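Since the structure comes first, as structure tokens, the remarks are kept for the end.
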Amino acid sequence: MNPETMHSLQELLPQIQGYIYPNEIEIHWGLLIVVYPYITGVVAGAFILASLVKVFNVKEVQPLYRLSLLTALAYLLVAPMALVSHLGHAERFYEILLTPQTSSAMAMFGFVYAWYLMAVLLLEIWFVHRTDMIDMAERNTGATRLLYRALSLFSKDKGERAVAFDHKALKVITIVGIPSAFLLHGYVGFIFGSIKANPWWSSVLIPIVFLFSAIVSGIALVVLLYLIITPLTGGKINMKCVDKAVDFLFYAVIVDFSLEMVDFIHRVYQSEEEIKILSEMVMNKLFASLIIVQVLLGMLVPLLLISLTKIFKKRFSLNEDMRKMVYFISVILIQFGIFATRWNVVIGGQMFSKSFRGLTTYKMEFGGIEGLFYAILLLALPIIILAVLLKILPPWKELREEGEAGAEAAGI
Amino acid sequence: MNGRRTFLRGFLSVLLSGGAIGGILRILPSRADAREAPPKGKKWYGFGVSVDKCIGCARCMDACKNENNVPKEPFFVRTWVERYITRKNGQTTVKAIAPGDEATPETVSDKTILRSFFVPKLCNQCASPACVQVCPVGATFQTEDGVVLVNEKTCIGCRYCIQACPYGARYLHPKTHTADKCTFCYHRISKGQLPACVEVCPTQARIFGDLNAAASPMSRFLRMNKIHTLKPGLNTEPKVFYANLDGEVR
Amino acid sequence: MGKLFEKFPDPLARLIVVVAALFALGAFAYFVLIPKPVKDVEMQWADAIKREKARPVKYAGFHVCEECHGEIQKKKQTGYHKDLSCETCHGPAKAHTENPDKVKPAIPTARTFCPQCHAFNPSRPRGFPQINPVAHNPLKPCSSCHNPHDPKPPTTPKECSACHGEIARMKAVSHHVQLECTVCHVAPQQHKVSPRSVKPSKPQVREFCGKCHGKDAKEKLAANAPKIDMGEHGEKYVCWQCHYPHSPEVEQ
């Protein structure tokens, strides 16, 4: 037995308020499970941003198209790592593929994930970059050439028929992709929302709230990456594109905020037996992460900042740097806010006893698989993967194109 | 040429829709699917708790830990006993008693106490177990005689079942890193013995038996008492039945 | 292969090949490489049940002990502890039944053991025999007065409180502290010998309480007792339907 675990549990004893069932002292889903919905959220959100270009013909955000696709892929690859490494028996992960129970939301997630990765994201990225990869293979030699040849599945066909098919396929994939992205993250919400034993989670709104917070986090992250990467690689930020993306972000935040308010008001108004312990938890244990970070800093402040740029349009449109700064601050705040949202759902759902009589405390570790450092590593990993992807499939040309011109070049 | 393409398309759509519909059909009825008590002659185990008889001596907790190799630390229990004290001002406080608790007697009756009692708790071996529903790998399952077991060889330790249990009956075993919980002492009852906690209970506050048996302490218990189960609103259909349960107990 | 590429656009043909290969590989792995017990959940369940059933038993069960300890069993059968398993006090004894000479079950003698059940605790059911271990013959082991296999009070008690400790303790801090039990109850001598078959009397009518609590009660004892109008107070009920006489709730 691990004496350290026992020791840390022992230390938690005096922190308990009221009565909890004896088995409830340990918080089972820790930081890793906070990271996991955050990451899948980014995937879904980034993909929705990409589909704005292809399906809804929002030509202004064309420069973000490839970047958001690659971001989605980079984060999607890391998502299962958070899940698998939190398991008590990570080496038995294959069980979920060999004997999946159809009644289990978690088991079905494997299939949703596989569908999204293989049938949507990889396919779309492949079709988008196919001709580019052929070009790259022709331009390079040796191992690099071989890499691109393999990535393009040894395709050399740049003929009209093939390219036309690329475009047709892209259209179909994006249309299939939107419900798939919704499914992916709505599903993560369902994993929590379907637990009837836990009133903090058990809500029909949870999948939808997850979905919209996912869209928020995805768009915000891609905008953030664009704002950072473009100057770093010597490009010029296309403000028309950023303005449009932030527009969508703004609406998504409003919808997300309204949904959360509906959920909140509904709970308070219905005031069922768990309301006492939940409000005690929000006021004592989650005050900083929920009221301050999630709602105030993560939603209201960014909403206010972005509205300022809209209200004082004239002044802001004259000063691009100022606008950039406001956007930059807003998207960073939104990232923290969404991470806090995930924290409050996952950790909050385990801090109150199912006897509704007491609260326990989550003590974050630093080292170890459930610790802070590993979580930071997992959060940094997608950025590293993204860097590699950007090296292999560079979107620079597109990133630096003027929005509308770019869209025309892509043949839409 | 065209024929083959149509065939392929048809085949694909059948594959997809078949999979989807099949999946939904298998998810939806899982509620209705809850095993009904099997016909007479087959075992269907249940458990009775007489709240009025429990003296809070914690022999059952001791026996359970001895019998089932449950870690000795107080954070891992398959069964426990709660002490309820409702004061005259309406406040109710609850505490889980521990076997090592000093017998600190309250010699002078606390005048602020309105009523007070002990309630033994254990896995409810639900007929529609939420834990079984959510297990992704089928490591936790219901036997034909109605006992929910955990297969520690295939449990991946995802702890979804611990989250899904409304009663806090499950824990992650710190040695095996798999979910663990009360089995009604399956190794004992399959030999015709009583679960260890029932065996040692000095006041017969705990009763165990086949719910299908015609005459048994269990069927007498169900016939002679007003019966309640824990959190019936969640539709888990517990098979641990409580006699004289107070409304404060959750 | 060539035909495939003629029929479909180049990218589609390539994807078909890749997907087909992946499916073939997956199917091969699933159907051929992976052994059945790993993928058949029913088999795993049967296996788990078998393993669960094979776990070792630690508590032998009540009926095993009497094979050797018949006499103690007989004694126990008639006493208050007749429903207790031997292992409730002596602990798990399966090992003892297998190896009676080497493994001996515990014989709890410490004074802290019996109070686990018998120390006074307001949460315990009313009437369960309880003592105050601090005041109850301190330092003396329980078994010096009580035989745990046939527990009963060592001598016929004189005081009512010996058996009715909880009531006595409750009364001791109530407004009725001054009243002897015999003020309200008449206990025949035989009650001390067979307490369950011969019971003491209880007041039957409201006028009994009225002797002290009636508006114009003459009883000396009741000089300070709260007074009520027997005609108006309490309607059709008798007094103990609202007031518990051993600890009357009315606060003054």
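So that you can tell them apart, the chains are marked A, B and C in the order they are listed, and the count of residues begins at 1 in each.
To be clear about the criterion, a contact is a pair of C-beta atoms (placed from the backbone, for glycine too) under 8 Å apart; a residue touches a chain by one contact, two chains touch by 3 or more.
Worth saying up front: this structure is predicted, and the values here are computed from it rather than measured.
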item: Residual chain groupings, excluding chain B and keeping positions; value: one piece
item: Distance-to-centre winner among chains (Cα means, whole assembly as reference); value: B
item: Pair with more cross-chain C-beta pairs in contact, given A-C and B-C; value: B-C
item: Chain centre separation (chain A, chain B; CA means) in Å; value: 37
item: Approximate Å spacing (C-alpha centroids) for the pair chain A, chain C; value: 52
item: Separation of mean Cα positions, chain C and chain B [Å, integer]; value: 19
item: Chain C: positions in contact with at least two other chains; value: 41, 44
item: Two or more partner chains touched - positions in chain B; value: 138-139, 154
item: Contacts with 2+ other chains: residues of chain A; value: 99, 101
item: Residue ranges of chain B touching chain C (in the complex, touch as defined); value: 1, 52-59, 63, 66-68, 83-85, 102-111, 113, 116-118, 138-139, 141, 143, 149-154, 183, 186-188, 190-191, 193-194, 196, 199-204
item: In the complex with chain B, residue positions of chain A that touch it; value: 1-2, 5-6, 9, 18-26, 28-29, 86-90, 92-93, 95-96, 99-108, 110, 191, 194-198, 349-350, 353-357
item: Chain A residues touching chain C - in the complex, by the definition given at the top; value: 98-99, 101, 123, 126-127, 130, 153-157, 159, 161-162, 164-166, 169
item: For the chain C and chain A complex, residues of the former touching the latter; value: 9-12, 14-15, 17-18, 30, 34, 38-41, 44
item: Chain B-touching residues of chain C, taken from the complex the two chains share; value: 7, 41, 44-45, 47-49, 51-59, 61-62, 81, 83-85, 87-88, 91-92, 112, 115-117, 119-125, 128, 130, 132-135, 169-170, 172-173, 247
